[in-house]
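Below: a set of structures, written as structure tokens.
Shared chain: chain A. Partners: chain B in the first complex, chain C in the second.
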Partner chain A sequence: MRYKKYEPWLYLAPTLLALVLVFAYPVVRLVILSMQRRSKGEMIFVGLANYRSLFKDDVFLEAVGNNLYLLISVPIMVAVALILAIFLFERIKGWRFYQTTLFLPYLLPIVVVGLIFSYIFQLSGVLNEFLTLIGLERFALDWLGSTKLALPTVMFVVVWKEVGLGVVLFLARLMSVEEELFDAARIDGASWWEMQWYVTIPQLSTVIEFFTVISVITMLSWVFNYVYVMTAGGPGNSTMVTELYVYLQGFRYNQMNLAAATSVLILIVTIVLIFVQFRLREGEDGWEQI
Partner chain B sequence: MKKHLWAILAALVILSMIAAQCATPTPEEPPATQAPEVEEPTEAPEAKEAEEAGEPVELVMWWWGEQEAPGAQEWLDETVELYQQENPNVTIETVLQSTDSLIPAFQSAMAAQEGPDIQYFWGGVWTLEFAWGGGVAPVDDLIPEEELAHYINNFERTYDGQIWGVPWYMSGNPFVYNKSLFEQAGLDPDKPIETWDELLEACDKLNAIGVTPISGGLKDGWFGGWLYSILSRQTHDSEKEYMKAAVGEASFTDPEFAEYWVRLNELKEAGCWNEDINSLDYQQGMDNFVQGQAAMIFGNDTFLAGWADTMGGWDDIGLMLVPKYGDGAMADQYVTTAQGLGITSWSEHKQEAADFLMFMHTPDRLKAWFEYTGVIPADDRLDPSAITQPQLQQVYEWDTTVPGPNMENFIPSMLDEQAAFAGAQLLFAGDKNPEELAQMTEDVAAKWRDQNPDAVENFRIWAE
Partner chain C sequence: MSGSDRFFFWMGSSIRQLVVILATLLSLFPIYFMAVSAFKTKDEYIANKWGLPAAPILDNFATAFSGERFFIRFANSTILTVGSVLISLIIACLAAYAFARMEFPGKRALFNLLISLMVIPPVVLIVPLFVSMVQWKLVNTYQGVILIYTGLMLPFSTFLMTNFFRTIPREIIDAALIDGASNFGVFWRIMMPLSAPAVMTLVVVNALWVWNELLIALVFLQKDELKTLMVGIAAMRSRHYVDIPATMAGLLIATIPIVVLYMFGQRYFIRGLVSGAVK
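Our next item is the complex of A and B:
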């Protein structure tokens, strides 16, 4: 059966049209907005002026810095998820219970998690009461009210919630690894550590890459809810993140153009990361092409 | 794959730049330096014909208020029902917005020029920014002058000679105290604190009996704005001074502005506040007072009836004006604002919307409002005899004799958030001193001016 060249495009047309309408149009509108500014009641083209304003804004720079700071949690999340997945894979006693328990936080709505931890981490909250009760009152700190502690506290909550996804991903992959690989390593006399290093981790490498990229994207552009519920960006701007900055610019300060410029920057970073992920998944050959 | 991805990205960017260059000015945007021109405020011919013919008119109202004036929902439902009985051709749909969605939802509606006919607005800049953006219609020609004359505090919605909305109810900030705790601390429960020194002394006495003197919660920021509005005013004569500083005709580092941070720091150093103020949100800070764990709070008069319910009556609730430290004209005023409603510029039924707003201000509805909510309506036609609680009589007296503007309504929202909200948090976290905070406020104002030349011009006109 012969097809004309344009036929496949004809079949694809409805979907392509939907994609253009749903994705491309908003992105184009966003980029347009980011290059305009209101002047005497009219939207005028200002080129990159909004972007220049952003890089002069100390709050924006602090937000970017905080997003980058949150990246510290990515290796922590990967390591914790890996260790937990390995233990569960080893079928430790009660592993099924732990498996469910570890994944549970991931299923909870972020708002609920944020609210609960807000109460826990208050100066007069549960954690500090407990620390005082066991005689560790000098560790009873103002977790959310101090500019030095608020961001690490938020980071802890993000890790607590997101690590469950990593555990499930790693465990799912481990369960599909051929048992013979582990048997062979055992026969060769590999120690427990050697088995993890030479068998488990290499087998998990693609999933680790995937989870790492997903976690990086989360930390750069998916932490709004945590921050909004737990600290609203404060104290001061110590937990300000770029998404919250977009929200404030757009909906509190009525500066949609600056909000759009920030969104474009976040979008570019996210696209680059997704691109990196694609390349990683394509394997070593892919890297050579980059 | 890579080539395709970059090609698509490049195409998008180029397309956007071309489109941005070619984009024609949005026709609905009004000139910044004058009030936006909106449709002739009198009825559109179709609307008039529809009314004359008794054709169906559907009004949509997006509102907020149940959150601070419980009972508002019931009152509004009843009011709509009564109005519809009197005007069978009119149907009114009311949509209660959450605090977080109130502004974003309307911004989206304004961008699309499609949405409600009646929108809830806080006062001052929270109304006028939307008027400047072309989302609100003036009401001068929709509501007779003699009717407008009864509305309290509507100067907040006045800009460039036109009125951009209608007030609904009053929301003021009394300094509330717990009479029992005052008595326990050896303070006279029937003699409100009048001076700043007396306040500091009261903090000592309350601390001595283990009671938190003043409770607050800064975590969500809002209370920082309240404090700024309530405490910073005493060295000023008018809200115009703030507006002038915002546009650069004065500086927030000038002594009369910087003193606010000094005074707030004084209260902090004197141990007047709860230690966990930075880790609590406003509601939690308020709960401390209502539960009897703190003796004083910078409250809101719309909450008083609810607090009385929770505290088992009005006996323990005392009200006072903010103790004085300054000698500006605003030092003796009661901070208050009128929460209100506006008619959208795109509404096809502006006159019907205005008629409904006027119906909300009829004496029967004003009385019912007070009965449902315990909150003072923004209209001088409320029969004062309806107010039987001495505390609410006091609020009514202040509202009608010494009302003063809420400063948050007269400064750019960026200044409120990045200086007042953030500054209070940084002070209590011990990260910045009063001098640094005054400078921070000025820096934020300078940034706002740099980013918003249009808004600066609007503020300049407004300040005149």
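Our next item is the complex of A and C:
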């Protein structure tokens, strides 16, 4: 194919323009905003003062703590997705149907899911009615209304929705493993556990790693919708997360600069995680992957 | 197989079946709960929360349609979804053509950067974007939000299309070039028609994402007549009078386009997600 030197750039131009407008320029502006403060109607440079105030703000610290708490669910999600994918891969009856339904939650709008679950978990909701019916009134609790339970309850909903992605990813990878590998292990007399440990898990390692990194990023910076709809950060600040903190500071309390500083911190954590993901696949850059 | 072996095999497979069935029930219950509640009266919802409705009614749908400017919200969501999905599709395909078929300095670095952008959470961009959008007078406009959605969808879209374009055999392209096609002609008449499956994948994945998006819609479309369906739904919970069955009817209507899209494009959708993670 022959083309002039500038020609590729013509094809790239609209994409590059959009990326500059939506990513590059805003990131530069974000960093600047995070080091400014409004004083007498003017923006003045204050260095790292905004960051210092963040670390003195109990609400911010609680938000960070809650995001970290949500990380507990990552190993749970990986394990559950792994078990379900292996069972489906063993071609139990109706596996196709199960795959479709297990994936369905991942597609539903978080807003819809959050609202449905907030009715399910109401004090007089369907879950507590069910628990009472089977004689477990003791466990009929105020799931979203108590400071102790609200965060684990939100976490359950996140897992409920996101685990289907893991199942689909793992299953797709398993289906592309050569059948001979499993046959060879079987002929060598491997037990079910040995088979999973020596064949399935090593074969899945890159996908498991991918899903783990994605889930960590989800728990740290993609949970806004759940919290906004189910608890709005409450009761108290028991379900406050950094994203909600950004939203509230920036768009409710008119503290754009504090919101910007928080955003910078989230961005740094995300970049570190992306970097880790690239390093884990040392020697393979994105171009080779495809 | 001896008798006891067979017994253990049977045990193992029924445990598997049981685990999977429980997980499936757990996945479906909230959807079932939404669907049945939408057909109950308020009194029946209180008396019979999880059974099927004794006498299904449709009044809740009328209530949902009449309240909260439902049709306007539905139309807003549709405009944003169609607009941003189409625009991002076209410009991502153009960029992917350059990535897949041309050489230029910095290609690999740019491509790696693009992949990294896929996981940047939108929340870190809203503050500076809002400041800029105020200056550009794009707050409370469809164009502003379509620009943001387009930008956010581009990394994944370009990645997926580049991936697909590279699988199209060189011979087909060479043949077209010998027949006198221009480079753009190759793109438009050869690459695009051959890429229909990838385009489908992209449309399904991106449309679902835009339809379900909350944060950007919340921040950038604050005027009541511009609010999207998801923003409207998110506001339902905080209302004082809560008519749960009517809310459920609203949720059901908002979910139906997604379920239809999924049924229609399931294999494209799964292929799209898997392409990001599995070689």
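The definition used in the following text is that the second predicted complex is superposed on the first by the 260 of 290 C-alpha atoms of A that agree within 3 Å, B and C clash if a C-alpha of one lies under 4 Å from a C-alpha of the other, contacts with A are read in each partner's own complex, and residues count from 1 in each chain.
Everything that follows uses one rule, which is that a residue touches a chain if its C-beta (ideal position, glycine included) is under 8 Å from a C-beta of that chain, and two chains touch if they have at least 3 such contacts.
Here the structure is a predicted model, which means the values were calculated and not measured.
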item: Chain B versus chain C as contact partner of A:113, first or second or both or neither; value: second
item: First (chain B), second (chain C), both or neither touched by A:68; value: neither
item: Contacts of A:92 with chain B and chain C, given as first, second, both or neither; value: second
item: Contacts of A:145 with chain B and chain C, given as first, second, both or neither; value: first
item: Per-residue contact with chain A, leading partner among chain C and chain B; value: C
item: Partner chain in contact with A:27 - chain B first, chain C second, else both or neither; value: both
item: First, second, both or neither for A:136, with chain B first and chain C second; value: neither
item: First (chain B), second (chain C), both or neither touched by A:248; value: first
item: Touching partner for A:79 - first (chain B), second (chain C), both, neither; value: neither
item: Common interface positions of chain A, toward chain B and toward chain C; value: 27, 118, 125, 232, 250-251, 256, 271, 278, 289-290
item: Residues of chain A that touch chain C when the two form their complex; value: 1, 3, 5, 7-9, 11-12, 14-16, 18-19, 21-23, 25-27, 29-30, 33, 80, 83-84, 87-88, 90, 92-93, 95, 98, 100-105, 107-120, 125-126, 129-130, 160, 164-165, 168-169, 172-173, 176, 192, 206-207, 210-211, 214, 217, 221-222, 224-225, 228-229, 232, 243, 246-247, 250-251, 256, 259-260, 263-264, 266-267, 270-271, 273-274, 278, 285-287, 289-290
item: Chain A residues touching chain B - in the complex, by the definition given at the top; value: 24, 27-28, 31-32, 35-36, 38-45, 53, 56-59, 118, 121-125, 142-147, 231-237, 248, 250-256, 258, 271, 275, 278-279, 282, 289-290
item: Residues of chain B that touch chain A when the two form their complex; value: 1-2, 5, 9, 12-13, 15-17, 19-21, 23, 25-26, 29-33, 36, 103-104, 107, 129, 133-134, 218-221, 275-280, 284, 412-414, 417-418, 421-422, 425-426, 428-429, 431-432, 443, 447, 450-455
item: Complex contact set, residues of chain C against chain A; value: 12-13, 16-17, 19-21, 23-24, 26-28, 30-31, 33-34, 37, 49-50, 91-92, 94-95, 97-98, 101-104, 107-108, 111-112, 114-117, 119-121, 123-132, 147-148, 150-152, 154-155, 158-159, 162-163, 166, 173-174, 177, 183, 186-187, 208, 211-212, 214-215, 218-219, 230, 233-234, 236-238, 244, 247-248, 251, 254-255, 258-259, 262, 266, 269-270, 273-274, 276-279
